[in-house]
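Each of the two complexes below includes chain A, the first together with chain B, the second together with chain C.
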Partner chain A sequence: MIKSSHSYLFQITKRMMQETGEIALLIGQIIRVSIPPRVDRNELLKHTYRMANMSLPIIALTAFFVSGILILQSSTFVKQFDAKAIVGWATGFSLFREIGPIMIALMFSGRIGANNTAELGAMTITNQIDGLKALAIDPIEYLIAPRVYAMVFSLFILTTIGIGIAILGAMLFSIVILDMSYLTFYRSLFDNLYPADFIHGLVKSIAFGIAIALTSCHFGMNIRQGAIGVGHSVNAAVVSSAIAIILFDFFLTYMLA
Partner chain B sequence: MIDFKNIHKTFGTNTILSGLNLSIVQGEIMCIIGTSGVGKSVTIKHLVGLIRPDQGEIWFDGQRIDHLKERAFVPIRKRIAMVFQKSALFDSLNALDNVALPIQKHEGLSLEQARKQALGFLEKVYMDNHKESYPHELSDGMQKSVSIARAMTINPEVMLFDEPTTGLDPVSARRIDNLIFDLSKTTKMTSIVVSHDVKSIMTISDRIAFLYQGKVYLLGDPAMFSTSTDPIVQQFISGTATGPLVTPGF
Partner chain C sequence: MSSVIHFQNVSHKFKNHTILNDVTLQIKDTEKVSIIGPAACGKSVLIKIACGLIVPDQGTVSLFDTPLNQCSETELTDLRKDIGMLFQSGALFDFMSTADNVAFPLRQQAILSEDIIAKKVSERLDAVGLGSSSALPISALSGGMQRRVGIARAGIALPKLVIYDEPSAGLDPVTTSKIYDLLSNDQKEHLNTVIVISSDIESLQKFTDRMIMPYHGDIIYDGSSDKIFDCKNPIVHQFIRGETQGPL
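Let's turn to the complex of A and B:
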């Protein structure tokens, strides 16, 4: 029993090391086509537009209602201690630094990362990537690097927009639920928060974008077992992205604190 | 022009090629035939670096290519084009843009300029009327024609066709045969056709290599192949289920 669990742990560790190594190689290949830039510009623009456009409604909706949940959860204590003066600060601080970037990244991973893995996976099993290679077109240059840059840029933009919507939502919910004035919320927010709080969240969004892009592309390009493999790879990409987001969040919070 | 020397290839515990030797002369149509799983596609994929041999040497135009790194393979791939068994057209692009893509990438043209040239290639394979169609809107035969047009764009010296008539109705299959034959003879390019369609290979090939148990079992022209008294060759030609021919899985 102990021996088999040791063997299982060994297999899991070996697999993780292998995946990490392959992602490191992918980073190297992306850097290679980026200096000097040989990334396909049309693909980059197409994917940036598509990814940002596809995710905007779902991210706006999530951001709006997350801010509502924050206000609802805090409403009991705010009313009990008459702490309306800190509502704007508390909401803004948590949205800028933590909840905004992480919620939006997780939504983006489920929406765009999973889609990207499935798309690349289908291309792999139907020989479309081999087709590119056979035409002397570098798949990293044409397929992968544009998607990676598009995902990082889209998530950055969506995080900025999402946090903005969440702040507006929080303001609206505090007026409706807590009977606060617009001015109280505004002063609490802008008198106590600094640009660094906002930048903190944006730095995280870039790191999360890199994590989602690399894992989704890696698992999409390394599909085995045909159609069943597409399902496995999408699953692996979403789980790995979520783990990477949480780990990056921890270390970035520690470093940027 | 192309030499496979003592090629060995194993996937896991499954040995596919075990000492394959084959020379292909410039300008000929060489058909590689054999039963399913015998290593026909594996053999030609070695030529564009999609598969690397475990042992042996591959020479192309006086240059050894089996040990080249991925980036060093790019100039070779500009001289050897491949048409895949399942066409491998890009789902997200229509027929015209599928053909325009390599032109745009290799010649640095704008999309509009590349499309103009691509239309010429589609005309050669009689697919210009379907230029706006996406791969899923085309039949298998039409997809193969577009795939041939796309491969032609790099103006290759060698064209590899991986089972070009598999899954096609007899009329479409003969049309693809004619297309391969006409393109090969008019452009004087070398063609390597992987197939198990006996009718097709008898029509178009200059020489035939019959693969069996990881090696070239018989090499010769279509007349020699059809008159062979070897029981294994005869069973393959007649397509009978009983006989000495051993096939993977049976």
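Let's turn to the complex of A and C:
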């Protein structure tokens, strides 16, 4: 029993180290085509437009209602202690630094990361990646690097827009639910928060974008069992992205605190 | 004649299955070669090793007199600019239309104008009988039509080496004859090296001069297409006659 659990742990550790090593190699290959830049510009623009457009409605909706949840959850205590003066600061602080970037990154991972893994996976099992290589096209230059840059840039833009929508939502919900004035919320928000709070969230969004892009591309390019493997890879990519987002969040919060 | 592909003592295994066992083989410029053999005998792997898509376990593979094990990824990409390939699965890009798939090698070369590319693509699609399907997405085409798009794409940039993996699979006899005529005319016109992987012995005998048959890691036949029926090897004998009794 103990022997088999040791063996299982050994297999898991070995697999994780293998995946980490392969992702490190992928980073090296992306750097190789980035200096000097040899990334396909048309593909970069196409993916950036598509990824940002595809995710905007769902991210706007999520951001709006997350802000509503924050106001609802805090409403009991705000009313009990008459703490309306800190509502703007509290929601802004949590949305800028933590909830905004992490919620949007998780939504983006489920929407775009999973889609990207499935697309690359289907291309891998139908030999389209080998087809590109045989036509003297570097798949990293043509397929992977444009997607990685597009994902990082799209998530950065979506986080900015999402946080903006969440703040507007929080303002609206605080007026409706807490019977606050617009000015109280505005002053509480802007008198107590600094640009560094917003930048903190944006730095995180770049790190989360890199994590989602690398894991989704890695698992898409390394399908192991044909069509069934596509499902497994999408699952692995989403789980790995979520873990990477939480780990990055912890270390960045520690470093930027 | 210079060497296009040169295998020197090449060995390769997939798990415990031997694909190539100390194989030495040379394919020269302007040769028309067919690779035959039963399913899963390593025909496609042999070709993928030749193009550097698979790295063999042992031995040296040279492409256009350049040893692939000494090439960087960029040098390998440059070498592949002289190769056109039809994959067994087609390997067509499903995010592009039929015409865009065929035009892709020319667009990547970035030498010709869009007008000339469009004209060449139209001619090529007409030649494979798909002139009216140019705007269709790949998913709207049947298996046989996709194969013909792959054939049109493989040869459009006039590469020095063209490899067709099962060009006639899923095609009716008339279309098969037309496709082999097209391949033959292309080869006569451009004097490139052509390698065809197929089990259509009759068509291959007409089109290619040399046949190679790998089996369980060894090359059990490498000789003239005309003389393969004289081969005494029982595996070759059974395979080319399609007999049910024998070692296969």
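By our rule, the second predicted complex is superposed on the first by the 257 of 257 C-alpha atoms of A that agree within 3 Å, B and C clash if a C-alpha of one lies under 4 Å from a C-alpha of the other, contacts with A are read in each partner's own complex, and residues count from 1 in each chain.
Basically, a contact is a pair of C-beta atoms (placed from the backbone, for glycine too) under 8 Å apart; a residue touches a chain by one contact, two chains touch by 3 or more.
All figures in this text were calculated on a predicted structure; none of them were measured in a lab.
Report clash or fit for the pair chain B and chain C bound to chain A in the combined superposed model.
Superposition result for chain B and chain C: clash.
With the two complexes superposed on chain A, say which partner A:Asp130 touches: chain B (first), chain C (second), both, or neither.
both
Is A:Ser7 touching anything from chain B or chain C once the two structures are fitted on A? First, second, both or neither.
In the superposed model, A:Ser7 contacts neither chain B nor chain C.
Please work out whether A:Asn42 is in contact with chain B alone, chain C alone, both, or neither, and reply first, second, both or neither.
first
Per the contact definition in the header, classify A:Asn53: touching chain B only (first), chain C only (second), both, or neither.
neither
Name the contact category of A:Thr20: first (chain B only), second (chain C only), both, or neither.
A:Thr20 sits against neither chain B nor chain C.
Overlap of the chain B and chain C footprints on chain A, residue-wise?
122-123, 126-128, 130-131, 133-138
Please name which positions on chain C make contact with chain A in the complex.
48, 51, 53, 73-74, 77-81, 83-85, 87-94, 104-105, 108
With touch defined as at the start, can you tell me which chain B residues reach chain A in the complex?
Residues in contact with chain A: 48-50, 74-75, 77-78, 81-82, 84-86, 88-91, 101-102, 105-106, 111, 150-151, 154.
Write out the stretch or stretches of chain A touching chain C in their complex.
Within the complex, chain A contacts chain C at residues 32, 122-123, 126-128, 130-138.
Sort out for me which residues of chain A touch chain B in the complex.
42, 122-123, 126-128, 130-131, 133-138, 142
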